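Beneath this line is the structure, given in structure tokens, with notes to follow.
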């Protein structure tokens, strides 16, 4: 292969950073809303809410069975068509790519987070629920103050792995013609024929960010372990 | 919407034949990819729990490396970059491989390693979740480290993580689609081809979606059967509660 | 928000706990059969019996950690029904200490004690903290208030659990084998705390096999077998001359 | 009335689809702003729309599209005109409409000059690359069906096809001549690549429009015909195909083919030549 | 593959276990200080002492579940060093029964017992099975051989754990509070099994607070505190007249 030429990376830096910013925004947003929604879904299942619990199982199974890229695709193109009845002239109402990405990722990740939270819920001792009940805490307060904080600690490494995957999957927004870090790199690469250089740079950026995150979570956990489980 | 599948394609076949050919590649890649990923994943995951740092640290680096780079980019690197750095003859030999094998092997390697990193993380969690006493009991019985893992720790850890492994198996089908970026015409690639040829994008992608759903469902059923087959008699699937004692008492009248 | 005392309809001098023909089924297995038990305010009851005889089930029904299937349970004048309001009333009046402590591991000792008063009684943070420190003092563990449960020994954890229950200012305390998960030496420190509580006049129902404790503080010993109350007697009568064959066998087993 | 025009009038917005690396038709120029031959043509159409529906303010939205989403985006009403380099064929015409031809291309082979391959015969026994979903896939398979013995690999996009050729994974790359020319112009050393003499079936390119809106198509066709008649079209062609273009100032040196000259003289959207 | 007896270099009539000035640190905390202990073949030692005094650490050092930091430990003539061969030797000679049973839940009772003989001693499958059945018979649980640990009561599980250890035909058995995780009623069935073993002449080192057991079978009682051996005496001497203040306090605590 011809000698590598990384000068293109400097020229494209603003564009790449712009893409990285979008990746990070989408990751943070989808993490927060997905986790929130995922907790709700997991609780609906855990509390065996009639009818809703079955719907949630169906939803989670469906979402986990379809590639994210196809989920994005269907959201992007079907929602405008489904909204047609509400439009004045009987034509589909376009929904922007940005909102589609944020909503779809949140809904999609919620299914995965819900399963992770459920694993955590299963690992908790029944005594925790009983102690909370005996202290006359309401169901909501039991989960809010006693159960969920413990679950989050237990499953934090799995949450991290899922979030790393989420961060990597942001590249799929290319079907919506939105540009994230990978998308930006690919575009620059295609225009300039510098594929190898750009991909190497992106690989390093991902490796650096994700490794830092996983190191941080590992350290955080170690600290918690020290306070929570010394014996 | 699906009528497009039965139209005749430029090459004389029907479009549905394209999809089936794509499905075959997807399944082949997923199956062999999973087998390799499982073996490596279990080995690396177990290695991460090793008391020896000389084993644990390389295993951790392995996991971090292959998990933290997007699979799309790994695929590209395996296909375009790695052969350039192989000793001269080997790299060229790889490049000369006739299609589709020239794309299949890198795709298989890439997918296996990527998935194995994710599996290893789960195996590690499974082993770490086992009570410390299991390892100690094995030591006290003079089982070697290898036999301790082989007969005591890994069998239990795997049973523990069946649910999350199920997600992983369901996930590998989806990740196979990344192989299209290096020219392997698997299911998604074929759907795109149909879409380009006919501009019937919805029909093509709807077919692919349904096939993925069916694959996931089959996987789910198989894994449920596996979970049932390897369950441990007398143990509740849910961990945490000390019911066994009571069960035993209920069954057993006192002398 | 604060707990209003619901004495409406309760006869004067009412029992603290009244159980009338209570039955409880686990699926097709009957765990409690026709339980009748009255506990007067201030009374101390020790419940004993073989494993699986329904002791835990009995006291767990009293604050509806388990729901009973037949009969009536009245606690401080409030009958336990499916109604949330009643359950809440009863649970505020009844504190419970579990065999396995069940402290919240992610909260400090102090937070364990203040969580429920603040979130469920609506007590002010400062007031709750003072109250918690008061009870932690009482169980002689106030100096550990900032630690997390995982940093304490079993006996210390169980004393925190007792303080936590007391912070709800319950009228009745339930103990389910509070010492059986402890090392032999730690048993005493928890028993001492319980004796002190008993001497203060707290109504107590306690599942335990610590016969020394029963002798020292119990007003009555309730012996259960196979989901039924087989014998109710004063500790002296029970230990010296159990009336039933089953109780005799049981006592022979646990006192070696 | 034309539904597309009605929508544009109601919303006061027209949305143009553009491609990100379809040089020189539609691509990201300096600062990643879309530019290109097709976009220039579209600008003229937009002016005409503005004039026709008598709006003093018509907002123009640029929507990036790619091969996976251009059809759905057009069908669900997001994009009004695709200003890319999209070829027309019978199957596609069932889903969308095209304006009169704005370009005529034919598929060709590009090889490494150092390979010494002279013609299609020289490719026998070798591996060749085409881009997934392009017309070239069909052509290559057709040639093979007639007895050629090369193996076909399909790369994800043109850049990767080019990389396959460069890195020696493929001996030749088949694609529309104009695309090959632009790829070659941007290569570090354009002279390292050479064309084989064979040319294949001619294909018309056009601006892509929603189907079943003849009034809208007539408007766009009218604008293009006007440009062709006035000579403005030929000037635009020279600007993008025979002069240095942004962002890096390469010159494609791709003079107008006879077939396109014929279409400029007699504008038409017919598929055959 | 089969265990060759490594008596080379051991003096005739050697001790089963010899500990010379053994020390053990957890980080900066010294868990064992200058432990000296000789155990003759066939001897029964009961180790007791307050929680955290290092009892478990002591016996876990004997088969190197924990590594000691100073001093020497010699088991049946083999000194415990970092060398894997020595560790293997010692572990084959030493069986261990844990407080929490630590059976392998995924293997049946029989497989629990045959795993180590087959995989680690290289015994034939049939021979291992016969041996396992023999010992299961001995702990009166042969009829449960096909069941899984999760289906057994705690007392039964602990008896299986004893059988599993015996299947390695150890010369020395270590017990770490083998009855403290059991219900009061099940304690007896396990103690009975241990007494039977003791009567057969097995060398035993047993951490326990079951003083009845100590009285019945122990040759010597070892009392530990703060990582040191404070007192070694015959059971009679120890229970009647402990020499040290610390032992007296301790006995007052656990015998109520």
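Labels for the chains are A, B, C, D and E, by order of writing; each one numbers its residues from 1.
Everything that follows uses one rule, which is that a contact is a pair of C-beta atoms (placed from the backbone, for glycine too) under 8 Å apart; a residue touches a chain by one contact, two chains touch by 3 or more.
As the structure is a prediction and not an experimental result, all values here were calculated from the model.
Enquirer: Fewest touch steps from subunit A to subunit E?
Expert: 2
Enquirer: If you take the mean of the Cα atoms for each chain, which one ends up farthest from subunit E?
Expert: For subunit E, the chain whose C-alpha mean is farthest off is D.
Enquirer: Centroid from C-alpha atoms only, then distance subunit A to subunit D, rounded to Å. What do you get?
Expert: 37
Enquirer: In whole angstrom, what separates the CA-based centres of subunit B and subunit D?
Expert: 40
Enquirer: In angstrom, rounded to a whole number, how far apart do the mean CA points of subunit A and subunit B lie?
Expert: From the centre of subunit A to the centre of subunit B is 20 Å.
Enquirer: How many angstrom between the C-alpha centroids of subunit E and subunit B?
Expert: It comes to 44 Å between the two C-alpha centres.
Enquirer: Specify, in ascending order, the residues of subunit C that touch 2 or more different other chains.
Expert: 50-51, 153
Enquirer: Which residues of subunit A are in contact with two or more other chains?
Expert: Within subunit A, the residues that touch at least two other chains are 1, 73, 77, 125, 195-196.
Enquirer: Mind pulling the subunit B residues that touch 2 or more other chains?
Expert: 80, 84, 202, 245, 249
Enquirer: Under the stated contact criterion, what part of subunit D meets subunit B in this complex?
Expert: 67-69, 71-72, 75, 91-92, 94-96, 127, 129, 132-134, 137-138, 141-142, 145, 151-156, 160, 163-164, 167-169
Enquirer: Can you list the residues on subunit A that touch subunit D in the complex?
Expert: Checking each residue of subunit A against subunit D gives 1-2, 15, 73, 76-77, 80-81, 88-89, 91-94, 174-177, 179, 187, 189-193, 195-196.
Enquirer: In the complex formed with subunit B, which residues of subunit E make contact?
Expert: Interface residues on the subunit E side: 60, 63-65, 88, 91-92, 94-96, 98, 100-106, 115-116, 119-121, 147-154, 156, 164-165, 168, 183.
Enquirer: With touch defined as at the start, can you tell me which subunit E residues reach subunit C in the complex?
Expert: That would be residues 50-51, 180, 183-185, 188, 209, 212, 250, 253-254, 256 of subunit E.
Enquirer: Over in the complex, which subunit A residues touch subunit C? Could you list them?
Expert: 125, 127-128, 130-131, 133-138, 141, 145-146, 149-150, 153, 227-231
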